[in-house]
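Got a structure here, written out as structure tokens. Questions coming.
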Amino acid sequence: MENDQDAPAATDSEPGVSSPAKPCSRPGVIAAAVYDHGRRIGDIEIKDAHTWRGRDKAVVWIGLHEPDKALLREVQVEFGLHDLAIEDANHAHQRPKLEIYGDSIFVVARTAHMAGAEIVFGETHLFVGRGYVVSVRHGPSTSYNLVRQRCEASPASLALGENYILYSILDFIVDNYMPVLEAIHAEVEDLEERLLRERLDKKDIERLYMLRRSLLRLRNAVVPLVDVCRRHEHLDLPGMDASLHAMFRDVTDHVRRVQEDIDTLREVLAFTFEASLMIGQSEQTEISRKLASWAAILAVPTAVAGIYGMNFEEMPELKLPYAYFIVLFFIFFVCGTLYRLFRRAKWL
Amino acid sequence: MENDQDAPAATDSEPGVSSPAKPCSRPGVIAAAVYDHGRRIGDIEIKDAHTWRGRDKAVVWIGLHEPDKALLREVQVEFGLHDLAIEDANHAHQRPKLEIYGDSIFVVARTAHMAGAEIVFGETHLFVGRGYVVSVRHGPSTSYNLVRQRCEASPASLALGENYILYSILDFIVDNYMPVLEAIHAEVEDLEERLLRERLDKKDIERLYMLRRSLLRLRNAVVPLVDVCRRHEHLDLPGMDASLHAMFRDVTDHVRRVQEDIDTLREVLAFTFEASLMIGQSEQTEISRKLASWAAILAVPTAVAGIYGMNFEEMPELKLPYAYFIVLFFIFFVCGTLYRLFRRAKWL
Amino acid sequence: MENDQDAPAATDSEPGVSSPAKPCSRPGVIAAAVYDHGRRIGDIEIKDAHTWRGRDKAVVWIGLHEPDKALLREVQVEFGLHDLAIEDANHAHQRPKLEIYGDSIFVVARTAHMAGAEIVFGETHLFVGRGYVVSVRHGPSTSYNLVRQRCEASPASLALGENYILYSILDFIVDNYMPVLEAIHAEVEDLEERLLRERLDKKDIERLYMLRRSLLRLRNAVVPLVDVCRRHEHLDLPGMDASLHAMFRDVTDHVRRVQEDIDTLREVLAFTFEASLMIGQSEQTEISRKLASWAAILAVPTAVAGIYGMNFEEMPELKLPYAYFIVLFFIFFVCGTLYRLFRRAKWL
Amino acid sequence: MENDQDAPAATDSEPGVSSPAKPCSRPGVIAAAVYDHGRRIGDIEIKDAHTWRGRDKAVVWIGLHEPDKALLREVQVEFGLHDLAIEDANHAHQRPKLEIYGDSIFVVARTAHMAGAEIVFGETHLFVGRGYVVSVRHGPSTSYNLVRQRCEASPASLALGENYILYSILDFIVDNYMPVLEAIHAEVEDLEERLLRERLDKKDIERLYMLRRSLLRLRNAVVPLVDVCRRHEHLDLPGMDASLHAMFRDVTDHVRRVQEDIDTLREVLAFTFEASLMIGQSEQTEISRKLASWAAILAVPTAVAGIYGMNFEEMPELKLPYAYFIVLFFIFFVCGTLYRLFRRAKWL
Amino acid sequence: MENDQDAPAATDSEPGVSSPAKPCSRPGVIAAAVYDHGRRIGDIEIKDAHTWRGRDKAVVWIGLHEPDKALLREVQVEFGLHDLAIEDANHAHQRPKLEIYGDSIFVVARTAHMAGAEIVFGETHLFVGRGYVVSVRHGPSTSYNLVRQRCEASPASLALGENYILYSILDFIVDNYMPVLEAIHAEVEDLEERLLRERLDKKDIERLYMLRRSLLRLRNAVVPLVDVCRRHEHLDLPGMDASLHAMFRDVTDHVRRVQEDIDTLREVLAFTFEASLMIGQSEQTEISRKLASWAAILAVPTAVAGIYGMNFEEMPELKLPYAYFIVLFFIFFVCGTLYRLFRRAKWL
């Protein structure tokens, strides 16, 4: 998937800069390239990044995946990142947030994608400052290579600089929530249909429970991101083109739409719970009524047969002709009448 | 319903402008007309729209329905619309919102109307700027031809320009929520009556569930619209007549009333759920009591008959005269007493 | 009830003004009088209202009840009211609100009063401006004649002008919520007592349900009114005496107290629901235990009698002397023991 | 308890002022004293209060309990209180609030204390202005004599003037919530223990219900008081010493702590409700299982004995030797096996 | 654990100051040391603390554990602390808060740690001002000696002064919430697994109940702390280095993450409750169905045998050859058919 390595020796035609001769094959480094006016100059070594930073319109874009401490430290020195941000980036499980350290910003976002039928959550940390973007992925998440390819395909946009890259990555992260949401949606609809067609069995309840947990987790990823995106909208970063504000607003809108969908699904599942309780209760009542009805009907032969099964010497009915058949008929008649009565009362 | 096409060649008497000779019969274009001082000048081709834009008091009003990309692109070029707004307009499923791009605004609203007994949701995107209004309908929704007719019927108001058209459309959308709300209202009252008269069966629970979902969906359409309308109230658009503020305030008020009604109905359905649980439980208890009572009553003949049905050689009672009748009487007496006792305790 | 008509030809001693010779007997007009320095000058015709408007310290106070369009139109022309406000006033079912049109205000409030054991809701629209108050009642509501009498009784206060009248009407509306609240309160306490003494039957559940609906409706009337009153407190209307601010604050306080009471009652009813579920469940368990206990006890004679009722040829016990009595004693002994055991375990 | 009357003729050594010769023995007046520089000068008559008001550092502190209208009227005249405040003070059932009338403030607070095992609620109204504090108690509440004694014991603090007295009373009111809260706390813990040890019977459910109502009432007293206290913190009253701000902040903190405790207890009771439902359901299931198990076990002898109790002529088993014992053994064996199976499945 | 006492006579090389010859062995005093430019000068007596306060870059750091009133009084005099703060510090059970008294601040935080399988809560009060930090621990809590050691290990940071110490302690407190949260998390997952694998028994419900209470308590500790930390972020204390703002922001972030986790767990437990209700109901229905099915099946032999056990003289079937076997077969056939039918309907 990460085919930066497969594209060796990009155009390093720029004179007077450290030539990024070899592609970055270091573990933890997924890609490291430098762009000028939106055009890819070539891959670079992290230690050479600073030589590009001062140059106008040049952006260094580095993608890391679960880097070790030494690598992070090198990146920190190269771009002058804040200790606390690096410490956060070192271990996952941060809340999605946007922090400003001087004139650089640190963004944490949670990613989600489907791995087969499973929802998989990851975390991405982004360091963005004048002339650089460093993305650090933790846990299982989609590579941002696709974002890189799309950006490279539209140099005019990429020329807007690091903030455009940041926008592209955030947009990509939010886009990736969609299939997850759709998968949950499909599950919810399936459950709904089962609920209304028959009723939820224990397996369904387990699925319902798991859906609620997944939604909760997705919500925890998305809700703080709304705030992050909204702050981006109003952020007055140096070198931030006005046209970017509209783009960030678009992402905000997108992520809020995701949040709205999550909240709707959560409420639907709450309705499902309540409807399931009602259906369960209704069913229970129906069974009780059936049980009671049959108990009543069957009590007739039991009582009558019990009485005529007694061994008293003097029981004149026992000797009457046809008494047995009369009694049999009587039993059937009473049972039948009861049956019709229960039927009419909708107990049966 | 869309009879703009049936009204060919409106008065194109205005000299010096591209003559809108033929009515717009292009697929996706429902209507495209130009108005001057609130008076309809005639139909135009979209490509001629820009010739009208500079003229004071002239408004181009175009109505599209699920346009293809080419058509949208043409509209974009003609009115200089923002890329992101066009991208949003291209696919439905946006959140209701109001976005400002320079001196033009982009509004998304969700529509709802009854198609028979079914609630049908649609989406409308509106581009409004100096001298033009473009409406883009997605999904099944009522045409805005009726709005157009009403506007044309009051040229004085229409002379207020594009913001008046925007107001008219929003007012129409909000008005259309009413029959939907009333249909839900009638359903809720029907359910309520059934609940209190007898009790909800499985079919009713399904209806209740579906009502809650519909209300949720309607709420998702309405709640963000409150915000859109409120922002309109305070929007200081160029060429926005002061009298329009009061109109937009009226729409806000209207949509908030709709929201209040939705919330009330939601709460009523929650009460219905709770009352249904209580009634169900109460009924269950009643059945259990009845079952227990009859079981107790019928245990008497069973036990007595069982005992006198034993085959012991020495059972003196069996030989007593009238013993059988005494026992029969005893059984009936005990059963009757039990019956009266249960009756008094309201178990039967 | 409306006895303005019975007080014909009030003092029309004011020279140089159109003499309000005849009392207003027009349908829809309940009362129309003019006051100067808090003193009633006399009844007027609506068409003469404007002659009074310019005069300092004079206030025209008109009371309408479900006026037809023509009448409203006349009032509109006379006082220069806004189209949208008139349109709202034309049909009921507005949200309680306060709107400012230029230097006049439009207030909508919902009224509630007891008609026998029933709660009846109405709506009042108020137009207040320099020198006039017009009240429009919709639906069943108490006449404001009482307010008028009280105001006329304290000319010093009435001399404060139209805002004092507005305050008096709002105060009256809020005062009228009290008996409604008290009636609901009494019902809730009755239900509560029944719940804790025995348990709620289906009729009680219906009452509980209806109470919740009434509270919801009352809440919908009251909550937006809090906002209306609070805005009045801070309204800087022309000719608004400082002392009126304290009065409006008092109304705000009053209506918030009503809201607090409503919220408390709502919560109490929610507790009632939960307590009812618990009691119902507890009762169900008790019945199940009783049922199970008696089933166990009665299984003994059934089983024993069944065994000794078998027709095997070789059943030695059957021939033993006193076997029958021993078995009888055995049955009674086991049943008694079981009974004591269940008693001790509190199942019986 | 009110022993001001028992301390006759306090030091009225101050020359040139109306000598407060007799202690106030008027009904409704609990105490009325004047303080100078924190030192008690002596008791006064209410009608003489105004002679002290102008003097710097002198404070008149009057305590009333359910005064009649005449007394309130006299107080109003003496201190120039606002009509609306007096009207409010006249009848209880106000919301806790802080109102500012010119340079005097009017405070309403709800009090609570334990009277035996019962929670008793009262209401206190406070009028505070330059040089005076008037407290009006309604309903059953603890006298503020204790506050007076404490204040008199620290003249340095009391010299801070009327705001210090106000602080002392509010602090006292909030302190008095504590034992109430502790009593509820003890009840909740008792219920909790009962719930987890056995299960809640109807009496416990009633207690739970009553606890929830008490907490609701206490909450209604406390929550608006938080706001009152917070406003006090920031109030810039004339003659308000800076050190008082910290004191009022302390009361705010205290009352918020009370609110937090109330909210915690409310949530605990909600958990109790839910746990009780779960335990009840679990118990119900257990009983049903037991019932079903025993029914199954006892069905064996019933069925077998029934079959061998039939009177067919040709039933070969009946004549087999030992058949009776074999059948008996068979019955016991099957019953025993069933019992073991149900035991293993934890149904018994 | 408190090994300050074990490190006797630290470097008291600073000339001209009261020599802190003996380590503080006074009960209640855990540690008392003075630092200059981040370097430990030595232990001091509390009474000598003031001699250090004026000196630039010197910080006195005193750690107390449940001090008596005399000790607190001494500390108050030494550092000029506010009466109310000292009063608060005197007894535990304060809400977490941040109060500013002049140029010193008073912080209350609740601590939590695991003591075996139990969660143990404590309380810490912090007095921080120019040149001093006093920590007062109440109840069982971890000593801050570890914080002291860490601080001493990085003199550069400690040279930032009292605010750095405050940050370190808060960071430590928040860090200590983590294992508590993890322990609860493990319990919740265990319960979850049990719920979905079988179902919750009474013991599990008790655990669930206790978990909810623990989370509630932890939440009460954490939520107000978020506010405390956020206020620290923006606090402009004298001598507060800019770099500290970022540190406090980091703590805020950390404590908000804890809060989010608590809220998630609370919601998960609420889902658990609902799922448990559903599973319980589903199980109850299953048992009822089984019971009803077996009752129906077993009613057949009972009814048939009852009938052929009657003692009528004329019952022709009794004399038919093979009648007994036919009846037996009939019983088995009907029972078998019923069994299959119930099986197919999934009642068995």
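Each chain carries a letter (A, B, C, D and E) given by its place in the written order, and its residues are counted from 1.
To be clear about the criterion, a contact is a pair of C-beta atoms (placed from the backbone, for glycine too) under 8 Å apart; a residue touches a chain by one contact, two chains touch by 3 or more.
Predicted model, so just to flag it, every value in this text is computed and none were measured.
Chemist: Indicate the lowest number of steps between chain A and chain C, counting one step per move to a touching chain.
Modeler: Tracing touching chains, the least step count from chain A to chain C comes to 2.
Chemist: Does the chain D and chain E pair touch with the same residues on each side or with different residues, judged by whether over half of the numbers are shared?
Modeler: Counting shared over all numbers used gives less than one half: different.
Chemist: Using Cα averages as centroids, what's the distance between chain C and chain E in whole Å?
Modeler: Comparing mean C-alpha positions, chain E is 44 Å from chain C.
Chemist: Mind checking the centre-to-centre distance between chain C and chain D? Centres are C-alpha means, answer in whole Å.
Modeler: Chain C and chain D have C-alpha centres separated by 28 Å.
Chemist: Indicate the residues of chain E shared as contacts by at least two other chains.
Modeler: 277, 281, 283-284, 288, 291, 295, 302, 306, 309-311, 315 - these are the residues of chain E that touch more than one other chain.
Chemist: Determine the shape of the graph in which chains are vertices and touching pairs are edges (line, ring, star, complete, other).
Modeler: It is a ring, because the chains touch in a row that closes back on itself.
Chemist: Using the touch definition from the top, list the residues of chain A that touch chain E in their complex.
Modeler: Of all residues in chain A, those touching chain E are 82, 84, 88, 93-95, 97, 99, 101, 200-202, 205-206, 208-209, 212-213, 216-217, 220, 273, 276-277, 280-281, 283-284, 287-288, 290-291, 294-295, 298, 301-302, 304-306, 308-311, 315, 317-319, 321-324, 327-328, 331.
Chemist: Within the complex, which stretch of chain B touches chain C?
Modeler: Against chain C, chain B makes touches at 195-196, 246-247, 249-250, 253, 256-257, 260, 264, 267-268, 271-272, 274-275, 277-279, 281-285, 288-289, 291-292, 295-296, 299, 302-303, 306-307, 309-315.
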